[in-house]
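Labels for the chains are A, B, C and D, by order of writing; each one numbers its residues from 1.
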Amino acid sequence: MEEIKANLIKHIKNSFHTAQEVDFKGNRLDFIVDKQCIPSILTYLKDRLGYIHLSHITCVDWLEDGEFELIYIVWSPEEKIKVFVRTRIDRENPVMPNIDMIWPQAHTYEREFRELFGIQFEGLVAPDEFILEDWDGPPPMRRDFDTAAYTAETFFERPGREDAQDVRETITKRSGEEIPDFAKKYSR
Amino acid sequence: MNDRNSQKIVDIIQNWSRKHSIWVLAYGTGCGAIEIPPTMTSRYDAERLGVRGAATPRQADVLLITGYLTTKTLKRVIRVYEQMQDPKYVIGFGSCTINGGMYYDSYNTIKVLDKYLPVDVYINGCMPRPESVLSGFGKLQELIADGKANGAQKYKDNLEWYRENQKKIIPNWVMPDYNW
Amino acid sequence: MDIIYLIFLIFLAGAIISWLAGKVNHVLQDILFLASVIVPSVLFYMNVSVGQEVHFQAAGIDLSWGITAFGWIFSLIVLGLGSLAAIYSVGFMKGKERRGYFYFNYVLSIMAMLGILFSRDLVSFFIFWEIMTWSSYLMVIYNGQHTQSIGIKYFIFSAIGAYAMLTAIVVAHSVTGNFMIADLITAYPVLSFNLQLLIPILLLVGFGVKAALMPLHVWAPGAYSNSPMAYTSVFSGALSKMGVYGLTIVMLSMISHLPEGFWFREVLAWMGAITAAVGTLWAIKQDDAKKLLAYSSVAQLGYIVTGIAVGTELSILAGLFLAVMHAIFKSTLFMAVGAIERQTGTTNFTEVTGLIRKMPWTFLASLMSIIALAGIPPLGGFVGKWMLYESLITSDHFIMIVMVFFSSTAAFLYCYKFLFGFFLGQEEREWAHVKEAPAIMVVPMVILAGLSFVLGTFPGILLKPIDAGMQALGFASTYQHLWDTSIILNGWGNQVVLQPILYAILGIFVIFVVFLTLKGYKNTRYVTTKDISSSGEVPKEHENLTFSVNFFQPFMRAVEPAMRRQIDRYYNGFANGLEALFDFTRKIYTGNGQTYAIYVILFLIIMLLIKNNIFG
Amino acid sequence: MDSIWYKILGAVVSFIVAFIVGMTYMGLSRKITARVQNRKGPPFYQNFIDAMKLYSKSTAIHHGVMQHFGPAFIMVSSVMTLMIVPVLNDGRWFPNLNFQGDLIFLLYIMVFGPLGMALGAGQTGNPNSAIGVTRGLSQMVGFEIPWVMALVALMVQFRTTSIVDLMDVQAQSGTWLMFTSPFAFIAAILAMLGMFRYSPFDIVGAPTELASGPMSENGGKYLFTMMSSGSVFAFAKLTLYVDLFMGGADNLIVLVLKTFAIYLIPMLYGVVSPRYRTEQAIRYFWGWPTFFGLMAILYAVFF
């Protein structure tokens, strides 16, 4: 396992000088790269190193850093290693290279990110609407999207729910019971 | 026998037949749909009460909304409801339809069903067990027999109010005319 | 001058004048065309009586024209249908090219068909037969270049039939010494057995081609579907019946003299039954209405042939009744397809849908004809089908009746496909502009549809002339023995009384329609076909929800093994073989005179050798 | 007794009897199905309640004239079948149209209904309806073959095409036709499985797959008419079977018992069967049932 990982790191490093590896226990190995490298490194992984399976693409909103992090998870059935290719992009102007020519299934993920995070993919050919129908608010999966406020504004609320945001507190308030200490840390 | 009395008798007979013959269009939106098969099959056997599945809204009497409704689904549910023929009833099933349940702060799930559709009976629980589903049907039968299950009439009378609420959720309104 | 000459003269002159008149005025041309079909028809029915004959000589051959009672039945088809289809043609051809060509061939075909019925001698019979073939061939290639191969196919089969018939005529002349049909029939029973077999077979090949009998049917779908629809209604309705006409005469006046229980009838009846089944299966598969109706015509002619070949009184009655009924409903359907083609520009089920509200009269006519075609009471097709089944049962053809019944049940599938494909289903925006066809096209259709309704309850109207015709061919009268004005009976004395049945059907129908209409009458309103229960989804205007591709896929899967063999392929294989043979022949005929000289010398030497061997 | 009013009275009484018996049978079939599945099941009169409810339900929409006429067409078919089939032996019931039609007429009037249903379903424009119709018609071609073979065998054996004559034959000989021509009986019963459209031949109106197929746009009065027509038709068909194979019946009680015995066959077969695809159903009918039909014809010809 370690041999394979070291070999992999060597290969990647040779081709992509800017890539930084982060090793994890087990069969996971991360590379942090620039966003321009993404298509080439994924193609390299797929065509040369046998990482033929795109397991997943995920997006993390680093609101405090003003960045999105996109993580591409690929898998090699021979080497049994999961490679996480990570990149960070600007949150204000999120534009990413499109990779659906490498793995067609990436198309679905990209449409989803475009709709839920507002990330634009260069050259992605797809209809505007994907999951949300008639959506005119900000992308809802961004952390600065205030779900509670949006919900309160858009949907009706049944009376009696306002004080029930924290069930334990409500119960204590109503029946006069104390919350046990061990349970307090789970409370909001 | 004057006209009003005969009308009353006809009403009683009709309500009795409606009570004992409930054809359900189960709109399996959420996890609640999994409670329908046990309710219908051998263990609980809803058919002995006259409750039976219907295939299309044209034949159905009851629209059973089993769980949360996203804004996208709401549009379809409204259309299905409007395609049903009078008399028709709505059963809200599970706490999601009552107050949003665990999806109370989701950005695309409605929380109070009776603002959009006239609900005759709510069945509480997350999820309600088949027993409570049956008791919900029992309650609906009582209401029908008493002539109090008049959700459809309410909807017809307050159509503008319902429409306003619905259009707030569905900005792009392309539904055909209301038909029953 | 005899009125018979006058009729044919009007036809001929009308054909030429209505062709030429197109250069002067189109309206004049239409009127002349109509006159040249309708005036002789009127003259015929007013002045020509059954049995009237004229004799004359041409090129030293005695010729004789006159109508028999049997031919008179078919004159109903030819002239009645011909006139109605002519009225329809005027509407159909409006604004189309080459109207003169169409009119000329149309009138010529009608004349030729009437001539066939009039011919009492084989020479004029053959001449009129050829005129009919030629004029219909010219109609098949009306649509231009791409129909050439279809036209050639039709022509080759017609030519095969014509040569067979010509051979038969020559043989007959060598036997009787003249060309009279009556003489041939009287001479037939005393002929040698080989000749007794040869003459009918040769004639049947000729008639079988026109009647689209099973191995000879391959020309029919292409030819029917490529002629202009106004003509196809005559082509399938009347022209194919000429084959039936000849067939019936051959069957009744020649084959019936063969020894009892001879295989000839059985084979022909089975060929008819197989034609019906195969034609039906192929019709179900078609996506084009013209093709569907063409195969359906093949199938229906199969029933007719079966009925005539079985040869009992009831079966011949059934065959002839079905022949007239087929002329009525099939021509109505072809006219309806023509109307749809004219209004929408296509006849493909996968393209056109939901015309019922746009073309209600066409739909009504189609519905009536389809019900008649399917043989459902109370319309006319039922009477024919009933008599056919009863005749098959009473004459002990048990397996054949199952076969015939199978094809008649399977016919429901294509019947429904026709109605659903064009008229029912989703109303697409693409066809929103379609209007009903002009009255001049609709009226003939509705008249014909009404006719099939009347004949369904009072078949006696039609059975009377058929009975007279059968008496002319040597049968006893079947009146009150097999039929009455509105009663049909079988040989065992079982009956269907049509009049109370019609009243019962109409009564029940009206009661329930009234019930359905009155219940909640005020609150009921019409909604478009987009407003359907489609799982809550709202179909968009441009979304096509029609189900018309692979319409009967499950059925086709079930009958797939039977469909795998296509007789066309055998013919193609045969044609390829012929081509190879001709290639070889061309190598022999080099075109060089010296080689020919060698061939001639070789031939002479061989002949001499053979002669010496035989006589030496 | 020959007056028009007497005829109308006969038609109405027959219709009411057929309606009641047919509806009860359908209710009983639901009850029995439920008992087989270890359920309590609805009461046997459940179908009457359903029919009453459907009748009282409003029908505010229609898709055009053919949808409106469709149920009436089906009614024509089932009521005409009822009119032609003699209900009791020896003219103890209204003759209706017994002597005016025969078996072949019956065969054709019986397919009138499916065609009417098909036209009605076609106009609604619902693709599910059209798919259901194509399946139904295809299946019909399947089961008509053994059915026709069985009837042809009977007609050939006794040299008559009239139902009344066939009943007389049984009355005279004292034996039921199901014993004198057993193969025809088997073929006819196997064809009946398809005719009643219970499982395994119920793909036509599969509720979840096709949204009840041809009926999918019909509710209220249309569904009520179809339902009553179905029960009348069921009664007429069962009576026909009893007339042809079980010697008819002398009074209504015997008739009800005999018809119910016949009715149990497709119903119980349906309860324990899964569902065939259309082409499987067609091949099924063209397999053993057709073989038995062929045997029946051979039997009728040679014995």
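Note that a contact is a pair of C-beta atoms (placed from the backbone, for glycine too) under 8 Å apart; a residue touches a chain by one contact, two chains touch by 3 or more.
Because the structure is predicted, anything quoted here is derived from the model rather than measured.
Following the contact convention of this document, no chain is adjacent to both chain A and chain B. Comparing the CA-atom centres of all chains against that of chain A, the greatest distance is found for C.
Interface comparison, C-D versus B-D: the higher count of C-beta contacts falls to C-D.
Distance from each chain's C-alpha mean to the overall C-alpha mean is smallest for D. Chain A and chain C have Cα centroids lying 72 Å from one another. Each chain gets a centre from the mean of its Cα atoms; for chain B and chain D, those two points are 36 Å apart.
Mean C-alpha positions place chain A and chain D at a centre distance of 62 Å.
Shared interface positions of chain D, i.e. residues touching 2 or more other chains, are given as 58-61, 211, 216-217, 220.
Listed for chain C are residues 525, 527-528, 530-531, 533, each touching two or more other chains.
Multi-chain contact residues, meaning those touching two or more other chains, occur in chain B at positions 56, 58, 75, 179. In summary, the structure contains touching chain pairs A-B, B-C, B-D, C-D.
Only residues 71-72, 75, 98-100, 104-112, 115, 165, 168-172 of chain B touch chain A when the two sit together in their complex.
Of all residues in chain A, those touching chain B in their complex are 131-134, 136-137, 140, 145, 147-148, 150-151, 154-158, 160-161.
On the chain C side of its complex with chain D, the touching residues are 354, 356-357, 367, 371, 374-377, 382, 385-386, 389-390, 393, 396, 398-399, 401-402, 405-406, 409-410, 412-413, 415-416, 419-420, 424-427, 490, 492, 494-497, 500-501, 504-505, 508-509, 512-513, 515-517, 519-520, 523-534, 545-547, 551-555, 557-559.
Looking at the complex, you find that chain D touches chain C at residues 11, 58-66, 68-69, 71-73, 75-76, 79-80, 83, 97, 99-102, 104-105, 107-109, 111-112, 114-115, 118-119, 122-127, 130-131, 133-135, 137-138, 140-142, 144-145, 148-149, 152-153, 155-156, 159-162, 165, 211, 216-217, 220-222, 225, 277-279, 282-283, 286, 293, 297, 300-301.
Across the complex, chain B meets chain C through its residues 27, 56-58, 75-77, 79-80, 83, 174-176, 179.
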